[in-house]
Amino acid sequence: MSYRKLVLLLAFLLIVPIAIFLVYAFAQGWFFPALWPERWDSELFLRQLRDPQVRRGFEQSLVVATGVSGLALLLGYPAARVLELQQFRGRGLIYGLFFLPTVVPSVATGIGLNIVFLRLDLAGTLFGVMLVHLIPVLPYVVLTLGSSLAHYDRNYEHQAAVLGASPWLVFWRVSLPLLLPSLVVAGVLAFLISWSQYVLSLLIGGGKIITLPMLLFSAASGGNYSLIASLSLIFIAPLLLLLGLVARYLGSPATGATPRP
Amino acid sequence: MAKWRSWLGLAPASIIMLGLFGSSLGYGIAQSLGWLPFLDQRELSLAAYRNVLVGQQLGGQWWSALLFSLWVSCAATFGSACICLGLLSSIAERQQHYRGLSIVSNLHLAIPHSVWAMALLLMLSQSGILARIGFAVGWLDQPKDFPVLVRDRWGIGIILAYITKEVPFLLLIGLATLRQQGRAYLLVAQSLGANRWQRLRLVLWPLLAPSLISGSFLVFSFIFGAYEVPALVGVRYPEMLATMALELFLNPDLQARAEGMAVSMLMSLIILAVVGLAWRWREQR
Amino acid sequence: MQATARKRIWNLGLLIGLLSLIIASCGSNTATPTSAPSSTSLDLSNWTSIEQAANGQTVNWYMWGGSDSINRFVDEFYGKALKERYNITLNRVPVADTVDVVNQLLSEKEAGKTSGAVDLIWINGENFASLKQAKLLRGDWGQSLPNSQYVNWNNPAVNLDFGEPVESLESPWSSAQFQLIYDSAKLQASDLPRSYAALKEYACANPGKVSYIAPGPGAFQGTRFVKQALFEISGGAEQWLGAFNQQLWDQWSPKLWEYFNDLEGCLWREGSTYPKTENELHSLFANGEVDFSITQAIAGAGSLIKENLVPASARAFVFDDNMIGDFNYVAIPSTAPNPAAALVLANLILDPQLQAAQILPENGFGLGYGIDPTKVSDPALAAKLASAAQQLGDPATPASDLAKSLRSDIAAEYQSLIEQGWDANVLRK
């Protein structure tokens, strides 16, 4: 297969579900064997855009996902530096620790997490939901930053330090510009994973925090495809926008992007 | 002193991982051992594990679910890896930066598995959009003439959903390797007179193998443990282990929570064993 | 060598320190009880005091959120009335499955919480049994609500929930009865099967055009479908009433599996797979894969048509006998943070005006009365209830058919026997 065809095929595979959802969101009573809906109605889709619960879900998802990517970078960057730039025994063990949540299914830990968060009085709070999202998010942030740091030349920092720059100045003027693409990509991946979380938000949010996936899953349980499609579109749109904005970073080799299956 | 300070960077992230994740895993293990305080039951035993593995009611279910989970996870992982390798082989030498491909593959990450599975259902069900196209052009008269591709007995729908979702993921991983080292090696091999087949077999595949294999293990463990896709495009029987665990959590008899947790723990153990083996294999190389 | 050993000890020490920190914070938290529940002070004999206590509260109503039209009905009717009449804010929390709420409450109990997140749950059947088993429901209020006077608590269909005694732990919202749905554009009413025997004949005359929902936890409609067949095959529902009877089950269950195994070859996909939920069946029906769907709504296919889940020509019908009817309820967890507001809402639900509104298909809910209309003495209200019952339209099953076939549910033990037996004898065979 030629390169062009492959890109087009993947683009097609991306456009197909979006197109299906677009049609379903506005179609009414569209059943076999009708190839094309006979009746259209934008009422349901527009109502979702105005619906106070959908708006609240969107806002809270946005706050949580933004908070999570901020926190994940704040915690993940120093951790990745230690892991990549220091040589010490037990490094594999720590990497394993970060890796563990990505392979243990959430059904095994979700209920336990809920109890821990209830005990810490963090369940049902935005901060609690952000904190719990760090568990699936941090591994990918650490891995992404780590693999970018593996190719990072620390001598620039040393030179700046030798020339008398304070650690803060070194970070601000040397490390940050050099690592910016990787930090942006890690932040976007964190946002993405947080935005898509369902089980953990449901358990820790306990209904006090409502995120978009919770609305989407409860709609999915009802089998109304116009509703499901409308919410899916509202759900996917910001992610596509975000990924589109950072596309130039995503395509560049130095970011070390380690995505999620 | 300096050493100790540098360790500090690792501390906050480790606290969250170890503290929150570790203690919740501990709760899970306790519950699988029959620690159900909401029933005022605090004695620990292996009864739930016994019921799951050799019990009259659940034993058969466990083994058939295990087989089905292995089949689906292996088929989907192997399928995605092969397709990905094939695609990369065909394009590896033709491009310099693979920017377009990488961007499109990245955009695929925007669609979560559940949403993707629903789209697939609307496309491929016996009365779905493909079947309607088939009807319009006269290939079929009624829905049952269309092949059963989703919600089928063999997990084809689940496997299809995962393959189409994981190929872009593995492509991203493979592209990262290619971009870093691939082209240079391929050019050297070419100038040394290696033919296309030799370049693939002796240069490209060994180069891609480590990253693709570890990516595949990620994919395997994800598929083995996830329940959203089988819930949407799978059937009641045969079922995957994750679905079996969930069903036990749905059981009105709260005692079944212990068995649900036991299934989840056994699942996690299997995944850890597989991933651990892969890790060792990689370290040895 | 020494240095690495010391480092290892450091590692270990750090880990232990972190762990003990976590454990300590958990421990200290259980020692200090969280905010005391205000529930103890509520006096149900003084309703005005409850309305006063509820003033300004927010009620967190957890309910299955899969139906856009039901969600709208709840927001538009109860949400507005609560705000206008009692200054209560309704926070409707949509869940994909009511069992999520059960798990939430179990976790709250395990964590030692006395004040949780949930005020009211839309519930019945197995989830009610779970919460009752774990003693997580507020008791002694269902029959004390002012509007409880309209509820016929002597009706076993009301005071037993899937065979489990209600014992004032919940209050009814609406009623439902098992019905089938057909497409009047494809079938004549006179050609419809009116019994399980006739359904088998129909299925084998039209191979692949009949299916039913796989019985199991979370799919009570399938269990009920099989249970009704048991009534017919054993010669009547009466003998199954009362306490659980193992002998009776042993006598008839082989015949039951025989029926379903005979039916299997004539089913959709020859019974190799079954739809898991009501929505899957609706979708198969709407797309013409099968000829019948099912519903529990008194408005029949009305609300489903309104939501575009089935074609406008869909109509509901019943067999001549053995169609199980029951009630669904709202319950208040013992850890409800706003129990006063929950009580006011549970009472509001029984308001005859709102009951008259809930059955009309155009309002989007479409389930039957939770109250007994004959207990409403106010002539204007009684007339309103009567006229609403006349306005269900063509997609509903005629009221006389419903009444003729109505049967109540039986002891809870049969539920799991049917689910396990069907799994072993029909599905996995």
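Going by the order they are written in, the chains are A, B and C; count residues from 1 in each one.
Operating definition for what follows: a contact is a pair of C-beta atoms (placed from the backbone, for glycine too) under 8 Å apart; a residue touches a chain by one contact, two chains touch by 3 or more.
Values in this document were obtained by computation on a predicted structure and should not be read as measured data.
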{"item": "By number of C-beta contact pairs, the top two chains", "value": "A-B"}
{"item": "Chain of greatest Cα-centre distance to chain B", "value": "C"}
{"item": "Distance from chain C to chain B - Cα centre to Cα centre, in angstrom", "value": "34"}
{"item": "Whole-Å gap between the CA centroids of chain A and chain C", "value": "35"}
{"item": "Geometric centre distance via CA averages, chain B-chain A, whole Å", "value": "18"}
{"item": "Shared interface positions of chain B, touching two or more other chains", "value": "7, 14, 18, 20, 23, 127, 143, 249"}
{"item": "Touching two or more other chains - residues of chain A", "value": "31-33, 111, 115-116, 217, 220"}
{"item": "Residues within chain C bordering two or more other chains", "value": "7, 22, 26, 97, 103, 110, 280, 283, 287-289"}
{"item": "Sites on chain B touched by chain C in the complex", "value": "3-4, 7, 11, 14-15, 18-20, 22-23, 37-39, 57, 60, 125-127, 142-144, 148, 151-153, 235-237, 247, 249-254, 257"}
{"item": "Contact set on chain C toward chain B in their complex", "value": "7, 10, 14-15, 18-19, 21-23, 26, 97, 99, 103, 106, 109-110, 125-127, 129-130, 133-134, 136, 208, 214, 216-218, 269, 272-274, 276, 280, 283-284, 287-289, 416, 420, 423, 427-428"}
{"item": "Partner chain A, residues of chain B touching it in the complex", "value": "6-10, 12-14, 16-18, 20-21, 23-28, 31, 87, 90-91, 94-95, 97-112, 114-116, 118-120, 122-123, 127, 129, 131-133, 135-136, 143, 164, 166, 168-169, 171-173, 176, 179-180, 215, 218-219, 221-228, 232, 242, 245-246, 249, 260-261, 264-265, 267-268, 271-272, 275"}
{"item": "Residues of chain C that touch chain A when the two form their complex", "value": "4, 7-8, 11, 22, 25-26, 29-30, 34, 60, 62, 64-68, 92-97, 100-101, 103-104, 107-108, 110-113, 116-118, 277-280, 282-283, 286-289, 307-309, 311-312"}
{"item": "In the complex, chain A residues that touch chain C", "value": "28-29, 31-33, 44, 53, 88-90, 111, 114-116, 118-121, 123-124, 202-203, 206-208, 210, 214-215, 217-224, 226-227"}
